[in-house]
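Written out below as structure tokens is the structure these notes cover.
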Amino acid sequence: MAEKKPTGTVLVAGAGISGIKAAIELAEIGYKVLLTDASPQIGGILAKLDNQFPTDHCGMCRMLPMVGREYASQYCMRKGLYHENIEILPFTELKSVEGDAGNYTVELLKKARYIDTDKCNGLGECIRVCPVETADEFNHGLTLRKAVYKPVPHSTPQMLLIDMETCTRCGECVKVCPTNVINLSAEDEALTRQVHAIVLASGVKLYNLKDFEDAKSWAVSPDVVSSLAFERIISGSGTFDGTIRRPSDGRPAKKIAWVQCMGSRNRRQKRDYCSSICCMFALKEAVLAKEKGGDEVETTIFYMDMRTFGKDFYRYYERAVDEHGVKLIRCRVQGVMLNPDKSLSMRYFDSETQEFFVSDYHMVVLSTGQVPYETHQKLADLLHVDVDSRKLLPTDPYDKVKLVKPGVFLCGSLMGLTDISEAVGSGIAAAGQVSRFLSGLDVSLLEEEEIPEPTAKDRDEPLVSVVLCKCSEKMQESSVDFNALGAGLKRLNGVGEVHILDMLCSDEGKQTVLDLLAKSKCNRLLMGACHPFMYRKSLKNLAKKAGFAASLVEITDLSSIVHRGFFDPQPVESGKRDYTRLAYNDLRGHIENLKLKPALHVESLSINPAALVVGGGIAGMHAALSLAQRGVEVHLVEKTDRLGGYAGTRIEHTIDGLTPVSMAKDLAGKVLEHKHITLHKNCEIVATQGSLGAFETKIRDVSKEENFYLTHGAAIIATGGHEGATDEYEYGNSDQILTQAELKDGLATGEIDVGEAETIVMIQCVGSRQKEGREYCSRICCIGAIANALAIREKNPEARIFILYRDVMTYGFTEQYYTQARLAGIIFVSYSLDNKPKVELVDGSPVITFTEPVLNAEMQLTPDYLILSTGVDAEASNREVGKAFGLPVNEDGFFVEADSKWRPVEFLKVGLYVAGVAHSPMTLKDAILQAEAAAHKTYAYLSGRKIHTAHTISRVHDAICVRCQRCVTICPYGARSYDEALDRIIVDGATCQACGMCAVECQNNAAEIMGFSDKQIMAVIDAGLSKDPVAATPD
Amino acid sequence: MELCLFLGCNTPAIRPDVERAIRATMPELGVDLADAEGYVCCPAFGSFPSTDDDSYLASSGWNLSIAEAKGLDIMVQCGSCYSSLRMGRDHLAHDEEKLARVNELIELTGRKLECKTKVRHVSEILYNEVGPEKIAKTIKKNLNGLHGVIQYPCHTLFPSEIVGFEESPREPKALRILTEAMGATVDHYSRELQCCGGAGGFSKSSPAEATEFTKTKLDAIIEETKADFIVVSCITCLMYLDNIQKKLNEAEGTDKYHIPVFDYNQLLALCMGFDPKQVASICTVPRNKVIDRITAG
Amino acid sequence: MANFTKLSFKKGELNQKLADLFKGMMEKGVVDALLAPMIQPKRGVMLTLVTDPSHLGALDPFAPVVPVNGARIASSITAKPSGRKTAMVLRSCEIRALVELCKLKQANLDDVLLIGMDCLGRYENLDFVKLRAEGQSSEAFLEKALAGNTESGGCDVSGACKICEFPVPDNVDLRLCAIGTGAEAVYLESLTPKGDKALEAAGLNTGETPAGREAAVQQLVKKRKEACDAALAQYRESTPSIDALEDRVANCINCYNCRVACPVCYCKECVFVTDTFRHNGDQYMGWADTFGTLKMPTDTIFYHLTRMSHMSLFCVGCGQCTSACPNSIDLMPMFRAAAQKTQGRFDYQAGRSHDEKQPLTVFENDELVEVTGQVK
Amino acid sequence: MDFSQSDKDLWKQIYHTKDLLHCFNCSTCLSGCPASHGDPPLLVRNLARMVVYGLEEDLLNDDTPWACVSCSRCEEMCPMDVKPFEMILAIRRWQTSNDETRVPTAIVEIYKRGYTQSVGTNTELRASLGLPELQTITKMPEMLKLYQEMLMKTPVVSENDYMFNEE
């Protein structure tokens, strides 16, 4: 007998968003995932954030799978995560890792919660009676909690636990618990698991105001808070119901200051790095403060460099300053002084006027960053590896998510603090790397769920079977009369049977139901139970086993009504609400709905398992190879006659020791050799049609002047970019004025000799970060300029090198290069957008005049060379490629991803992905990370697993459709199109998210979300309003 | 223990009652003091440290070697002397070349410097070596019912890695705990960590601004606390905060500023029952009220 | 500058003059066909599609009657274009409805030379037939109406016309002007390059501008607006509640005539005749159970509210709904009052311009963000 | 100001240390500096820039380094560990060595009697407080001589010996 291969199993340690994303991506392609988190909850930092840049809303649910979404359940991610293939272990620490690549034994310690959360109803009687009060971690100590508490107030189901540090063991909670789930003598549980790969996603320790010396100049009042605590203060579910008040006395905070770089960019405290995300965080908070607190709220940010380097960050910054009036002051302040009236004084220097000012604030928010070394050292010890020279986990030089130890990957803030987009992107990329790694091992996938064929029974006259769970006897006594309820429902037209059971969630309960349903003649099923979030999946499986079509099963939260009745303090005699009636009307609504509901069936999409990659730069080649390695046929289309793109042909060395040109050569060699990759050089995209699994793209071979067609299941756009052009600063009028790329080339070829040069000046942000220009940061120019300056310094130690900048964008650990440059004697001088340096040609040579900001003095430089950092431009062909694929391109010429935070490499149209500079200017490592992520998203659909549409998608009633095409215009996902040849509106079932916009818009109900017809909705409303007696005489 | 007392210039010359207080109290607490015969200027930051390394470090070396010859650590009360000596020692201890040069220069004294001698501040000795408990036990009278505020000497705080002894230079507590050990209530105020304004060239080059600067501190004390006195442990702080109050009153035509200023050891001496005339007699702002309370108590 | 061509006619020969005009246009190949009101052999005046110019003798564009809103007819002819150049002579309410239908892809004006005509109102169909039988001519109506009197033999023009602020059509290539043009003359005004070309091809020279026209139009519009405000105020006062509204449509019999007559009710088949409103017996019984009684037919107020929610954004106020009702329910003020609010909400006016996007079909950038998170 | 006129290597003369080069003009040194309240204010950050730029003349004429109270708060707070107080002292030294009028008179006093002021001469007052006579160097002529001899070997005294040998 052949031995069964083990199921590919992955440990994802850390359930913040990057870990969750990695877990979902792996689970979706059929691997078993263990998702652990050391804290009692999942969600990480994001559980605390109500509002995220740039929409200032939440959008966490958008990281869930888009196609066949019912199989992962689509719901609010802030409440929880449920996935068949993911075992979630909160409050579990990783204790040890032993073994080799592909065969790791991990020891986990599952800490005792003292509450059986599977059975807890989450209503919190225990919390009410607990006598202990202590600072609440979730609200950063701004509020109090009990010893038994909900770690995240909005999670569902409530994952309560008891904090034994503060618990007095008085036992009151045990007495009142209606479900008997509290065990004060529970113990931690040690678990040992075998896994094939590990993803580290634990995040890093964050700077806080308690543990660090340099915070003590600030922590003088409760009104000095960290940026995360401020997030809780303004949260609707936070400390003051979303109004902005200072913690000390709850009075409105009208003047708020943010202080940047708290704990970061500090050589003295051995933290010479930037924490990357704090500038945007502060801008967002300042804008939110204005929005929530009104215009009279004054917001001031004290900063050194406003690091708005990411996509759309600069525009947000402009809006914050221009539209919202957020004030920015470039000054690092020593500390804050607490005044007797509780206001907080800060003294700062205004360089422009060369004067000091003292300002009083109601609240001071410290933009606290990361303290990574401790976390990295701990993980390195656990993995038996050494930290690298940066004191961080040793990673592959090109792959940020790949550890040097095989089979171990990392994502999220372990790479340095990441914003949501990077965290999500790295989670996908890590999943991609794991998938590539596991594809080389002898492991199997979890079996795919069988989708049953439609049966004739579904089309019979509707007959509903009703199964109700009484939950706990203890509760139903005082609230819902189940006998009357059952009798009432049984009387209804179309109800075949009513079963009232107890403990449906137990194994016996399930068996009982199965036995009952096996005998049933009904073809529709309504189950009234508890915790539908948690049990929906298992109850649906039960129904499936009993032969019910998935779309004809409804599960409703009956327990909330029972519980509400139980806890309603009003005595029956003084007019307590009739909870039996409430339950009856609710259930009746479901019954009426079920009666009218058609049997819906999912469609198994036919998937062409080939991918198209547009662009043969490093990102494109990396993506192609990532897919090909996993057996996917790839067509790589490159418009020029050579591979490598901009970086792979122009950049020999980067400051962090990478060699893009030789790397590109290496990749090109692999691409050419790979049996799964077909290269199409000199080819342009003409047009594309089709949808996920079945695209057909017309391609023009420019050299042969002929067109041909490629069919593919998905595509990755990796069209790249190039150095920007300029005519500013006398560029083109002197051979002493060059761009950074020209300098780099000239230095490499020796055409430019800086050996004798006395002075070299570089100007940053040429044509960038301004209206009517590149209204974005190109992200790589500051580091590029520093690299060039250091190269000059090496050839000529005596030359004076000046870099005129607006904000030095050496975010994250690249801050070290800024420091390195200063140490090499390179002089950095800032200028402001409204007072740019002026360049004149005197006898053909550039003379630069500018206002020196520190001394506020006019200065002049006469350099041998003036070097301009002109930023990164999008490829001009992006617009045509965008048009061909029907993909949006922003005003800067970069592709617009589906969601800037939660779906960074996807387009709204399913099956199309973006990677690299086509998305926005980024570093080589980031481009590779995106390529890996895009490749993985592609692979998830092309891996050979069945891809189903959801039951619930929108459809068109052709007979009553007038083809006015309003629905096509309105569909935010581009799932609807008008087919001229057929004269019909077509719905792309994979792309449709059933948002319902078309159904709302369509005047005539020709657009309908299946299973949500007007008739059903009206029937539910009628049932909700029904007043007939529940049951006159119970049987 | 025995320590070599480095007095500097202001204390013995202008406020010898502080010297008296130190000499009176420390032995009572088990700290015997030896004199540094032939010591010279620390040197003050405005002197040799502002001209060249040689003259600065040679003077430091001169002083350090006196104590080193006795095999004793140095104890200082004056903040400037403490900081200058400690920084000088730090330079020498970490730079063999400089140490060699200094030894070359002080060779004529016949002394040799190995930088074994440590430089310690009197408040650090009281806090770490003696301890608040011992002080509480030793005193005969106390400050019960009196409110004090602290003026921490900047020179004992910054830069912490060279001069510091507090757990946190941003949240110093030694003087508070020592003062509380004598029964006083210590009030916090917003400008607690602000410099007295008396050291260096500031008060000479910008007298009006320097006075205004110190005024903000005194105003904060008056408005925010119930201070009966200010506790210092630096001769500059003592003299400056004491003398400026009279100036302020004269300039503003008020008597608003009348908070007596004491060196910590003076309060200690009073609580130990020493004669106020000897240990706390020289001042601008009258100290009678506080002294009377202590002696009466 | 507007291009006007003066068309003088002898008393009683207006229709002849116009017939000559269009005949010339067709013969010169300016257009292949003409859609215009023509006198029918037996009775009445109807829009008629003419491809043979010899039949133009029956032309009567100014006949004060609109049996069917012409936008519907224009939609039928152009939704799937014939490729034939067609002149269409329509009134303001018809043209405004046509503009909406174009936006809804139910009509296409590429091949159409749109000729609008000044309109002083229409009689209800039966009234018109009666007046014609009594010998009233279009010319006589025009003369009397221009003098400010539309009442004749106990009949008056429809309520919708009395409060119509758009006696002069916009968004046309050519305009047949009768207001403020003086006796025995109408003008043909060109408003577009297409119109200019047509005039030129027809060999018509442009000449003087009718001097009194602007003032006369303004005065008429002002009068109509005042009447409109008064009528809507009166309606709102008389219908302050949902009960009053229900009372207003109490006699509705679900014949759906109003829906058929409405030019902007553009659906092929109305949702009210689909399964959605075909209920089972137990459904009726259930409703009856809730209140003890159930008025039949059901869904009448629901029908009107639904139609209102669908159509009020496009309503041009032509009043065909009122005219169509066999039970004399005056629906026009209901729709006009609602339309005034709903269109006002979006700063939209049905039929005002081809370029204005219909409300609820366009999203502001930041509106979609909330659905998808995408930032454009 | 034209940079071609400034001395790019001036910083090496004044404060030749990597610490200075770390400075990124963040202004932390300014906000808590007591002497920054002066008129003119002591602006440590600006001085650092002037040193880096090599603005020799401006620096030579700048009195503000002498207003420093030596509290060293800037040293504690400086996130780049520029050691600004050390820099202030370094600027003073450079000024002194380039401009004899900058030589502080205090050092003449110290040379003469070991201290900036007369220590140990208040014998009566001291006695009244019960204090012993103090063994100051002033009272130990041979020792003082050795001290003077030693100082004479240091640059500031030897180069400006006329100031010390008046008598």
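Note that the chains take the letters A, B, C and D in the order they are written out, and that residue 1 is the start of every chain.
One rule holds for everything that comes next: a contact is a pair of C-beta atoms (placed from the backbone, for glycine too) under 8 Å apart; a residue touches a chain by one contact, two chains touch by 3 or more.
This one's a predicted model, so the numbers in the text were calculated from it and none came from an experiment.
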Between A-B and A-C, flag the pair that has more C-beta pairs in contact.
A-C
Taking each chain's mean CA coordinate, chain A and chain B are separated, in whole Å, by 57
Using mean CA coordinates as chain centres, what's the gap between chain A and chain C in Å?
53
How many angstrom lie between the centres of chain B and chain C, each centre taken as the mean Cα position?
98
So which bits of chain C are touching at least two other chains?
none
Hey, what residues on chain D touch two or more of the other chains?
37, 73
Check each residue of chain B and list the ones that touch at least two other chains.
169-170
Based on which chains are in contact, what kind of graph results: line, ring, star, complete or other?
other
What residues on chain A touch chain C, complex-wise?
54-55, 57, 59, 62, 312, 493, 888, 890, 896-903, 908, 959-966, 969-970, 972-973, 995, 997, 1001, 1003-1006, 1013-1015, 1019, 1022, 1025-1028
Could you list, by residue number, the parts of chain D that touch chain A in their complex?
1-4, 8, 18, 21-28, 30-32, 36-37, 41, 43, 45-46, 49-50, 52-53, 73, 77-81
Provide the residue numbers of chain D that touch chain B in the complex, in ascending order.
34-35, 37-39, 42, 63, 66-73, 75-76, 83, 85, 89, 92-93, 96-97, 103-104, 106-107, 110, 114-122, 125-126, 129-131, 134-137, 140, 143, 146-147, 149-151, 153-157
The chain B residues in contact with chain A across the complex are 168-171, 190-191, 223-224
Could you please specify the touching residues of chain A with respect to chain D in the complex?
217, 261, 265-269, 304, 330-335, 346-349, 351, 354, 356, 759, 800, 802, 818-819, 822-823, 825, 827-828, 830, 852-855, 857-862
